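Next come two complexes built around chain A: one with chain B, the other with chain C.
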Partner chain A sequence: MKWGGVQYDAIVIGGGHNGLVAAARLASDGARVLLAEAGSCVGGAAVTSEITPGYSVSAVAHLLEGFPHRIERKLKLHKHGLRYAARDVATVALDRDGHHILLPRTRKEFAAFRELLPKDAGTYREYVARRRVLAEFVAPLLGERPPALNDPDALKRFLRRSVWRAALKGASTMQNLLRVLPEAIGDRLDAEFESPLLKGALAFDATLGGAEGPYAPGTSFRAILREAMRMQGQGAKLPVGGMGALSGALAASVAAGGGDVRVNTRVVRILVEEGRAVGVELSGGVEVRAARILSAIAPRTTMLDLVGARHVETDDLRELRHLVPRGAAAKINLALDRLPQFASLAPELHGARLLIAPSLAELDEAANAARSGALPFEPVMEVLLPSVTDPLLAPEGQHVMSIIVHHVPHAMAGGWDAHREALVQRVVRMLGSYAPGIEDMMIAGEILTPPDIEKKYGLAGGDWHQGDLRLDRLFAFRPAPAYGRCETPLPGLWLCGAGSHPGGGITGLPGWLAADAVLADGGSA
Partner chain B sequence: MERHDAIVIGAGLNGLVAAAYLARAGLSVLVLDRASAQGGIAAEHEVAPGYRLPRFTLGSGGLPPRIAADLDLPRHGLRFIRAEGGVTCFPDGGYHASYRDGIVHRREIARFSRRDADAFTRYRRDMLRAAGGLAPLLAGPAHTPARGIFGGLRARLSLADRIAAIAPGDLRDILRLWTLPASDFLDAYFESDAVKAHLAAAAMMGGTLGPRTPASASRLVFPWLSESGDATGGAPETLMPFGGPAALVQALTSVILASGGRLRMEAEVTDIRIKDRKVQGVVLANGEEIGAGAVLSGLDVKRSFLSLFQWKDLPEGLVERVGRVRMKGVAAKVNMALDAAPVFPGLPEGCPSLGGGLRLAGPIPAMERAWADWRERMPPRDPLIEILMPSFLDPSLAPRGGHVLSALVQYVPEVLHEGPWPVERRDALGDLVMTRLAEVSPGIGKHVVALEVLLPNDVENEIGLTGGDFAYGETTLDQMFANRPFPGMGGAETPLRNFYLCSPSAHPGPLVMGGAGANAASTLLGRLGKAVRA
Partner chain C sequence: MTPDTAPPNEHPDIEIDLGSEQATVDPALFEEVPAEPPFARTVHTTPLHIVTSAESRTNRWTDWNGYTVPEVLTDLGDEYRALRGAAALADHSPLVKYRIFGRDALDYLQRLVTRDLAALEVDTAVHVVFCEGRGLVLGDGLLFRLGEEEYRLVTEETHLAWMMDSGEGFRVGIADVSATLALLSLQGPLSALCLHEAGVANIDGLAPFAARWADIARMPVYVSRTGASGDLGYELWADAEDAPHLWRHLMEKGAPHGLRATGFALRELARLEAGFPRAGKDYLSALAAVASAGASTPFELWRNPLVASGKAVFNGGRALRSLAPVPPRRRLVVLVADALEPVSLSSVLSGTRQVGTVTTSGFSPALGANIAFAMVEDEAADGELALTATLREGLGAREVVLRARILPAPLKP
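Moving on to the complex of A and B:
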């Protein structure tokens, strides 16, 4: 069936960055693609918004860390306007008294690091090397579709290949990996390091975005996973114009391939005929048909709300019902009338990723508070001043600050309305103890709690990982065993959002791999 | 100089099991312990004149039938009782009990939810399957990774094939068990908070994880490990030695003596003689030296290496690796003497599952709060309490009409945020336990003849167990199997020749009573080329 006189080969539901990547790839392959976005703009969590006129900031996600170069190249994002204001953004663990730790990237930085932390420097070098070996092992697995679980031969080939690959990396790689899988990052760091600040920063990075605290088993592997993601994307970058620029370039890439990107277009139903997905119904009652449907929205919503429970197997239903994403981070964006002064922070580091996570104890307390539906007393957070490297985001001499507050509950005891203000106050007070006087610099600001992110940007549960990064929900098990290869048991329907392998963050990989699956299923015909 | 084939340090349960195996295999064995009576943490103790109970442990749990049979314990007078799985009382006055009989147990669950009664069938099936997969791994010595480049690779490739052969559903179930929080895992089966809390309370006892911490689901399987699965379709039973741990200790002692082994109490080992990384014998506190072909330590891994050796004699890096083993106290013991039988008006008359223990627990969020308090090193506000009253089974443990009550209070930190436990905090903990008890047994306070509160620190000071950690090292997956006590030393064999670890710091840990002792003995006997004599 045609819509506006067009016959589509594929329909992508949801215009988050993964939906855009899938659509752009299919379009570049010659398919006629329709991308339907329910909201008024595309991008999902990768958008730029105005805090107040003249001050723009990446609204939700604020750093491009795991977006593979090959996707960027294949979709010609540079040609479509994607530029970087900063590459290989440094990470600084802030200290109240000015003894900040810059996580070293170069030999020179390492020398400074050793001066500051003579006891931990050697261990840190070993820690990073060990992490790198394991991440190098994991990274390629993130960039390919996992093996089919119901094909023992494929699984055997995959596992044997993995064993060989691990063996090539050194005899102890496999052993180290198996040891790391169930370990808690806090326990590991306590065993190796002395500096509370260094431990806090390393554990912060491993647990950010999830609800688990640093002493939760399995978090050590999260550090590996994050490092592997970083390898995919070759270091943290800041797009010029904020994250919205990435989505803009992706949308342009879709359009260049002849695809249609339609906003304010809500899909209310996926049409199923003779056990096959054949099209979608839009909110106005219009039906649009295509042989291939890709859903970039949450797997649970896709299957239970759009397809309908009657088309889903009982066991799968049970699985899907428990896939309720629950975000654990809030976002606070501030417009400032001048550059905040952090005690003895080198000027070139004002553009770095600034971590406020003084120790494992603070992280642990914040996680415990969030788990019981309370606000962390001393919030832990990641702070960016994107306008330092991208001056057009704010009027001259003025700045925007982008803050991700870690360990903020989705379900706040007593409801969020009564607590939004309290969270902002705690965050500002905390910031003030690092950059005195910041309260007086604030011109405007906005806070996005996990439910706000869900409501405003359509991210289910406000969870940027779209489901826990736990072993039973990774690789072929993500989001559920029958859905592990971006496919669904319903022919003609694929999942291409962060709920699928390899998971959340701005990586584009779920979209890319789903397009792989569609193309493998019979090309763009 | 006196000399033996093997010396066992510590006459705790595992030390005695190891010694019994060795003695029965014909070795000359000497067991040494600094205490005046055998039993280690399970040693019997008078809380008041005539009132006897195990001082530090609760006293439930029995040896696996295999070990009992190997050591011929029934002939030495040991009997096991099969008790019901216990009952949980909630703050709202409700309770939920476990029954071995499937029909009775389903009816009990149906009091809360008919759907959950059906779900239990599914839950039981999955738990038995998981336990069936886990039990063989716990039964023998730890599977340590094969050494050498090619041997290791071949072993791993065959492991890859074995993993690929597991049905995908089962593979997922295994992963779920070792990654999910217990609460999420239970949510997938049950809807009733009481049913979930009952199952979680039993599982969380003795562990360092909270019900909502990732990976705590694995603890749900542990109660099913001893279950044969062919019973009547209900909850798993609890195996207990008749006469309590004292009877078990006595039977083991009698086996050792009957096979020509010897025990010396009040003999503290202060040093282990070592030459060229080969252990030669021990030195006692009084300066006496005893030679031995092998030394087995029933002390925890930290005590074993860090206090029995001169550090300079140990291989490089060993001290650090031992230092990194996590041992955390998580429970306090409260012992009570009562001059009358406590009554529980909220429970059915003569509730049979009381024999398997009484737990006082809130719903899962309250348990999680207790765990969070522990993490933040605060005295627990809502502790999880497990109680046994052994004198109901064996009236000889208390004077006529009186009773002894043994309670473990879960989620009690070793050291408080503010420092060591002050006296008033300790008293407050005792009062809290009494308050909780009085909620289910009004007026029990009037019958208390004696009460003692033993904190993790007391356990460390009196018995020498590091951190007062009854698990001898955290039982999380990174400290289990080949990684127990630490990666690179999986099992009883140590980097030192002729020195073996026979405490639960080694595989299989506290999950199988006597398992570590049996493993150490069979490792040593294997070395000597002797078969275990059944």
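Moving on to the complex of A and C:
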């Protein structure tokens, strides 16, 4: 059926960045695409919002770490207005006594690093090199559709190719990989490094976004995954105007391809006829038909609520049962009347990623507290001052601060309402011990707990990964075996959200790969 | 009285005078009933145990789905003659009975079973098979439509976990009513006459697989023309408390016409002759099979399994559609081995190679031969087959090989 006189080839449900990427890719390929977003703006967790008039900040996700360059280029995002305020953003592990560690990116920075940590410098170089080799091995796997589990030949080819690639990278690659897969990052770091601060920073990066602590098995592999993601994006970047600018550019790219992006358009049902998805029903009862439906929302919601159990076999639904995403990070955005002074932090590093994770013990404690539904006593966090490099976000001379608080429980014992304020106070107190006087600089602020993120930005469970990034939940197992390769058991329906391979974060890859799958299924129809 | 048999809340010494103005409170009402430990009862009996145990002349009992039921009440030969010549009454209450109800009950069942239920009318029953995602059989049973949104599924084994899992997303209720619903099976050529004598009007008007409510000796009974004997037969569904009275009433009215009480061994023999495989004996439920090779597809178990082609989605549908065109790897067949006495059969041979296994065997008096259900490799099924048998004489045993042939159609006595 036509809607507004348009015959659509494909409908994308949900206007998060993955939905936008899928829609833009299909549109650029000549398909007539409708993107239906239930909220009042597109972007999902990649949006810019105002803390208070005049102070804007990336509301949830705040750093572009793994957005592949090829997606950016193919969708002509630069042409559609995407600019960067900062590229290759540095990472600094903050120290209470001012001995901050800048994770080195250049030879010069490494020299400074060696001066600060003479014992760990050599080990660090080896660690990074090893991580790099493994990440180079993993990275291509993230950028392609995983092989079908029920196709033994494809699996064999995939494994054979992987073994060959590992062999080409050096004899120890496979050995290292096999050791890393089940390893806990904490154990590895304890064995190799001395500086608690360095260990804290490296473990923080490996566990951020997940609920596991540094001593959980499998976290070492997550460090590799994260590095591989970063390689796709060629370094961490800050878009001018916050993450909303990325979503804006993506929406413009969809429109440029002739696609329609409709906000305030909620899909209530996926229409199924004769075992095929044939369209969607919007709230208000309008039915829009298209041969291909892509869902960027959570797999479980898609199959149970939109498709309905009667159109899916029991086994296929049972596979989704474990998928109850539970976010483990909160977001705090602050408007500040001046630049906070971090003791002895070089001025040019105020725009860097500042990590507050003093040691593995603190990370572990925070994870344990979060697991038992309590707030971490000393929160660990990632702090950004985006207005340092992008001054238009705040009035002149003033700043916005964007904080991701790691290891925050999804469900608080006693409910969140009683604890929001406590969390803010603990975060500010913790910040205050690094940047004295920050309490007096705050003009306004907002806190988004995992349930708040779910409610406000539609991210199921407030979980940015939409399911743990574990080996048994990746590749063709993501989100579940019958749903690997972005496909669903229902012909005509694909999954293009973070629930699909390769998972969460602002990468656009799930959307890109789903569009791949749709195009492989029969071109632009 | 032992503590196990004493009713917990009975105080025989306290008499309550119902006529008295001064109400006396029964203290027992406020006493806590001690919880029955799970190990208190290991012998489960059916609601009809009281009457079947009175009929037993042999004291031979067996276990059926965890319930104690009579294996043989008098003599298997006599019971068989009653079944094929007059009428046989048996207690089939250990079968698992599910009540499925609610607005989405039909949609739920349509997805659960392989056949299309769109034509299923109220007060009729159909044989259904249900599979898991790989197209392997979980179980089979009879599905009754009791009302517009009310169904009853009767199976050999329990499937509650699977049925609850399948219920996610449907407005449907699933209840195991096995304990409160008794099932009497009345089979044989004179079974209609027995029912007529018992006071069921116009029983001849009931078509095969049809059912209706009847009033027998002022007890409401749901009578269905179903059964696993391959002969005229009825099943009577009654409240557990009414069941013994119903049994006595039927025996009283039917005995002059040759009605006999029969046991579990006769049921096994009758279903073997009629060609009904039994879950757990002739095939393993897909969830019970340790390896998937131990489970079977519907195409292996039934000649023409009802796998809907019109239904878009049902459990196992995707797998079954790809399995349907290829001949099954093996088949469940009924084999006949000529021997004048009952022997115990074990494996199926083609030449000297084992090509199959006997799952159920018995001596069919109608054929005068041993018959057996056997899972046989499809390629070998058309060739010459033989069965290994053990003959027992006194305490000695002798292994022999008997020639066997496949029974092309179920036995019609």
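Everything below uses one rule, namely that the second predicted complex is superposed on the first by the 525 of 525 C-alpha atoms of A that agree within 3 Å, B and C clash if a C-alpha of one lies under 4 Å from a C-alpha of the other, contacts with A are read in each partner's own complex, and residues count from 1 in each chain.
As a convention for this text, a residue touches a chain if its C-beta (ideal position, glycine included) is under 8 Å from a C-beta of that chain, and two chains touch if they have at least 3 such contacts.
It should be emphasised that the depicted structure is a prediction, and the values quoted were computed from it without experimental measurement.
Chemist: Could you classify chain B and chain C on chain A, in the superposed arrangement, as clash or fit?
Modeler: With chain A as the common anchor, chain B and chain C both fit in the superposed model.
Chemist: A:Tyr215 contacts which: chain B (first), chain C (second), both, neither?
Modeler: Touch status of A:Tyr215: first partner only.
Chemist: Using the superposed model, determine the angle chain B, chain A, chain C defined by their C-alpha centres, to the nearest 10 degrees.
Modeler: One gets 60 degrees for this angle.
Chemist: For A:Arg318, select first, second, both or neither according to whether it touches chain B, chain C, the two together, or no partner.
Modeler: both
Chemist: Going by the contact rule set out at the top, does A:Asp187 touch chain B (first), chain C (second), both, or neither?
Modeler: The first partner, chain B, only.
Chemist: Looking at the overlay, what does A:Leu159 touch: chain B (first), chain C (second), both, or neither?
Modeler: First partner only.
Chemist: On the A-aligned overlay, A:Lys169 touches which partner chain: chain B = first, chain C = second, or both, or neither?
Modeler: Neither partner.
Chemist: Identify the partner contact of A:Glu274: answer first if only chain B is touched, second if only chain C is, both if each is, neither if none is.
Modeler: It touches chain C, and chain B stays clear.
Chemist: Per the overlay, which chain contacts more chain A residues, chain B or chain C?
Modeler: If we count touched residues of chain A for both partners, the winner is B.
Chemist: Now for A:Asn150: first (chain B), second (chain C), both, or neither, which partner does it touch?
Modeler: first
Chemist: For A:Lys74, select first, second, both or neither according to whether it touches chain B, chain C, the two together, or no partner.
Modeler: After superposing on A, A:Lys74 lies clear of both chain B and chain C.
Chemist: Tell me which partner A:Ala309 touches in the superposition: chain B (first), chain C (second), both or neither.
Modeler: second
Chemist: Rounded to a whole Å, what is the shortest Cα gap between chain B and chain C in the overlaid structures?
Modeler: In the combined three-chain model, chain B comes within 5 Å of chain C at the C-alpha level.
Chemist: On chain A, what residues does chain B touch that chain C touches as well?
Modeler: 318.
Chemist: Spell out the part of chain C that touches chain A in their complex, as residue ranges.
Modeler: 104, 107-108, 110-112, 132-133, 162, 165-166, 168-170, 312-318
Chemist: Could you pull out which chain A residues touch chain C in their complex?
Modeler: Touch list, chain A to chain C: 272, 274-275, 304, 308-318, 489.
Chemist: Could you please specify the touching residues of chain A with respect to chain B in the complex?
Modeler: Residue positions touching the partner: 149-150, 152, 155-156, 158-160, 162-164, 166-167, 171, 174-175, 179-184, 187, 191, 212, 215-218, 318, 322, 364-365, 368, 371-372, 470-472, 476-477, 481.
Chemist: Mind pulling up the chain B residues that touch chain A in the complex?
Modeler: Residues in contact with chain A: 145, 149, 152-153, 156-157, 159-161, 163-165, 168-169, 171-172, 175-176, 178-180, 184, 187-188, 209, 212-215, 324, 326, 365, 368-369, 372, 375-376, 476-478, 483, 487.
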